[in-house]
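All chains are identified by letter, namely A, B, C and D, in their written order; residue positions are counted from 1 within each chain.
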Amino acid sequence: MKLKLEGLFPPVTTPFNLNEDLDLENLEKNIREYNEFNLAGYVVLGSTGESVYLSDEESIKVVETFEKCVPETKKIIVGAGQESLRETINLIKKFADYRVDAFLIKTPHYYKSNMNSETLKNYFLKIAEISLKPIIIYHVPKFTGLQVESELIAELSEHPNIIGIKDSSGNLNFLSDIVRQVSEDFNVLIGAGSVFYSGLLLGAKGGVLAVANVAPQLCIDIFEFVKSGKLEEAKELQLKLLPLNNILVNKYGIPSIKYALDLVGFYGGPPRSPLLPVSNKEQEEIKEVLRNTGIL
Amino acid sequence: MKLKLEGLFPPVTTPFNLNEDLDLENLEKNIREYNEFNLAGYVVLGSTGESVYLSDEESIKVVETFEKCVPETKKIIVGAGQESLRETINLIKKFADYRVDAFLIKTPHYYKSNMNSETLKNYFLKIAEISLKPIIIYHVPKFTGLQVESELIAELSEHPNIIGIKDSSGNLNFLSDIVRQVSEDFNVLIGAGSVFYSGLLLGAKGGVLAVANVAPQLCIDIFEFVKSGKLEEAKELQLKLLPLNNILVNKYGIPSIKYALDLVGFYGGPPRSPLLPVSNKEQEEIKEVLRNTGIL
Amino acid sequence: MKLKLEGLFPPVTTPFNLNEDLDLENLEKNIREYNEFNLAGYVVLGSTGESVYLSDEESIKVVETFEKCVPETKKIIVGAGQESLRETINLIKKFADYRVDAFLIKTPHYYKSNMNSETLKNYFLKIAEISLKPIIIYHVPKFTGLQVESELIAELSEHPNIIGIKDSSGNLNFLSDIVRQVSEDFNVLIGAGSVFYSGLLLGAKGGVLAVANVAPQLCIDIFEFVKSGKLEEAKELQLKLLPLNNILVNKYGIPSIKYALDLVGFYGGPPRSPLLPVSNKEQEEIKEVLRNTGIL
Amino acid sequence: MKLKLEGLFPPVTTPFNLNEDLDLENLEKNIREYNEFNLAGYVVLGSTGESVYLSDEESIKVVETFEKCVPETKKIIVGAGQESLRETINLIKKFADYRVDAFLIKTPHYYKSNMNSETLKNYFLKIAEISLKPIIIYHVPKFTGLQVESELIAELSEHPNIIGIKDSSGNLNFLSDIVRQVSEDFNVLIGAGSVFYSGLLLGAKGGVLAVANVAPQLCIDIFEFVKSGKLEEAKELQLKLLPLNNILVNKYGIPSIKYALDLVGFYGGPPRSPLLPVSNKEQEEIKEVLRNTGIL
């Protein structure tokens, strides 16, 4: 029986101080604030967590901080996918002694034209065999430039240690095609805030939404309205979330999420270079959308 | 008050005989069979109708046939968008004496990089001013190679003679962003069978689905289950529709829809050149998906 | 033995008056001025000629005007490709009594996913069989959204009535792959001003360059320097041509070419709707690049 | 005065044994064989070197091996670009004590939509300020999914410590636009075997060609024929190189290059996972193209 993942799992940002060094104190502060919300857990070291900018040592410190601050009632999902099978397995082993409920493994993608279904199947199956913790496939074409086939996901879903997918494609044809082919116990999680409501209504069990860093309650409300069959209310909130998600996630990305966090009372701080902080003009646009959404 | 478009409007195929000449007799036969279903109306001379392959004279004959066969209770929407404003207006005028409830006008697209929001706005507003019948915008990136901005649609929706959009992008972020910005009386119609259920739940009023040529009742059932709040049933049918839609609409297109029509008791016949009839191998694939869907 | 096409063939713009009606007088004036240059001939009713915006009657009048004004020493290549085989053949027949040295037939493209090599092969071979004049394949992915395979071109090149390709892809890997596979008598013409020099050095016999409407002598000079082995001079001119080509052809398109024509002493006039005339800001940018190129 | 880079610099593969461990012995053997050719130097830890699959420790061992085996007459260019500025600078510092003639720094790309010209400019300038060795920009859209603007390259080229670009886009419009804007002492190197000849004739000073691992002499011959003005001979060899390059570099990538190396007398060995060795069918295709090219 696969571990059940249901509800909202924000992919938490990684705080840095002004020197761009890891700021674990503010991370701890953020986690304790997020703990007050009815979240199902956290995604640590995801794309929104700037994991591609962290050293292994930093990654471990981040995971340690989550272990320390997150109550047992909430799950900890840890991003661990690297480009090579070897490095991914190494990183999984480094996390062996920490509290990890599942690993989120993104599709390797640098050599895009080689990353066909056969290659990816072999990669994920080997990780699933070796990992002592369950595996969630991470599909995020906007960052990887790689769109996988739903048949691959269906096939991988049969492995007992592959328990779900975070699909950030925003493509509901693809998502539907997965839902159609997998068993009920395979956890389909939406990774695109723009289609959270729609994904839930298609059978997704929850969401891993970058925008939930800034607007956790709004995302929780959408989830709960859908669960309780209040579709009209859920839809209204989804349409309210949409422009916020489009500005913070699709248009300006991590620097804007961090800026918005500072505005709404969490610690945001600077992104790590080469990412640049948002410009003055972008700040105004972010403030405006936060105000329009009723968050500021 | 804008004309209300609610329900299913199949974009009907245009029958040809073996010489690829217009076969109005079989068109008439098909229409009379479709009339038996609880359809809201028809889209005539859409992409599925091979309208880009028809002469103006043939187009008029097709419209005449619909006028003759379709009861007043069902709407007739006629595709009339050409590349130039001049040709589009000419065609609209040629249809002046026929029963047309609305014109479907696709985005001109040959000079893609010039087709920005300003240009398209000017184009659609001029048509809306001149046309005696209401206008529906037709957005179909897979054929036009052109994705428009939701802000353009929102702006055009304010014109009293622009009453809706057929959005075949399959992109629910875009669709949501339209729904969010337009008035309740602007008719948003789904043009992609893969997201019919999801689009309806976001506020779309109906669908113009190529796959509905072959599976009208299945599409009607999805619509009616959604209307009556039976979401689980609607979702199941949507997932059932998905592989059929993917094979007939996304993978093989019009030749496969026509082949499937022949199999299920409508007249399909050959497509017009350069389109080629489906191969033997494709025929087997189509039969299989029809069988799996329970239609054959 | 195939007709030899060597040198520069500008794809001439189609003049309209302020009502957007055909302005044959100014077309005639333009042609007579172009006749003074050492051009190999003209492409009539190409993409730059806004052929997708012209009725058949207008197209014939344009061809008549060329017939009347162009000396026998220069070739007349006429664009005649429509979406359907039937319409393309009809148009070719309408041009039967006019002086046409070759027809330029673009890849049909509306139903993109159906336009595979088999379909396109069948299409071009049928036209080649029927046409009394030789056929040139027109490959222009930026407008059609369709990239063909070099193997298709190689195969079509074996037909005696298919005498060349106008390749506007700007992709020299593709162009090289064609040159590698075709016979010496198959005419490869460059359709992208940005790679004119490079294409000639790979074995292309000439060019059909939109930018040559505005800068015919500069393009002729590149051609002649390459022919006489003065590569350094040719390269310098190619680099000079580059920003002009990028602004007029890649960035702003036909409206900017027409505006530039007015500036340099030809008749430009307005484009036909939905194309809009260039804005004031764009006008300044066009003037600047013309000045920098030494043309204004 | 910037270091001059002229001629051929193969981006050497990184040999692994059957356990996918670094095989420095076979690397050494390969280097000594390559030393026999008239190469200008080597690119170490490039994309073809599977650098994204190597740990820092392995990377250092690879550089050590080159230092040991490469004569002073040949340059050593070392790939050192990581996703974050911090990690890139760390890696550059780790290479401080080794013989490195220049660092090749690819565009960071994971957060694609944030990697605009301002962000990339800031990134490359900071590296250029800190690095004791000159910097070469590495532009490789097929792996990064990121196309930069030529104006950015022109601006960066003014920094004394940024001495060149390896452009693997294969886009000659872009390459021309760089050549047009940079000083004579900025080293433009072609990174796409398909346009080597064309790039040289546009002013590129040399090439970093993956296919040169397998066919070093053929690539050297193209370079030397161009230098000596024997264009017809150069062109013939370029067209001969084309299908080999398309199969090994564009179609099957690193696994096929390694397989071909084994066939032609170098050590290829397996790629590192997730890359899979070429299949039997692919092996036949590779053998055939090697035979057709006269290499096998």
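Methods note: contacts are C-beta pairs under 8 Å (C-beta built on N, C-alpha and C of every residue); 3 or more make two chains touch, one makes a residue touch a chain.
This one's a predicted model, so the numbers in the text were calculated from it and none came from an experiment.
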| Most distant chain from chain C by Cα centroid | A
| note | Cα centroid separation, chain C vs chain D, in Å, comes to 37
| message | Need the CA-centroid distance for the pair chain A / chain C, whole Å please. | response | 50
| request: Scan chain C for residues touching two or more other chains and write them down. | output: 250
| Does the chain-touch network form a line, ring, star, complete graph or other? | ring
| query | Which chains touch which? | reply | A-B, A-D, B-C, C-D
| query | Where on chain D does chain C make contact in their complex? | reply | 170-173, 176-177, 179-180, 192, 194-195, 197-198, 201-203, 231, 235, 238-239, 242-243, 246, 250
| task | Within their complex, state which residues of chain D touch chain A. | result | 20, 47, 52-53, 55, 83-87, 108, 110-115, 118-120, 122-123, 126, 142-143, 145, 250-255, 272-276
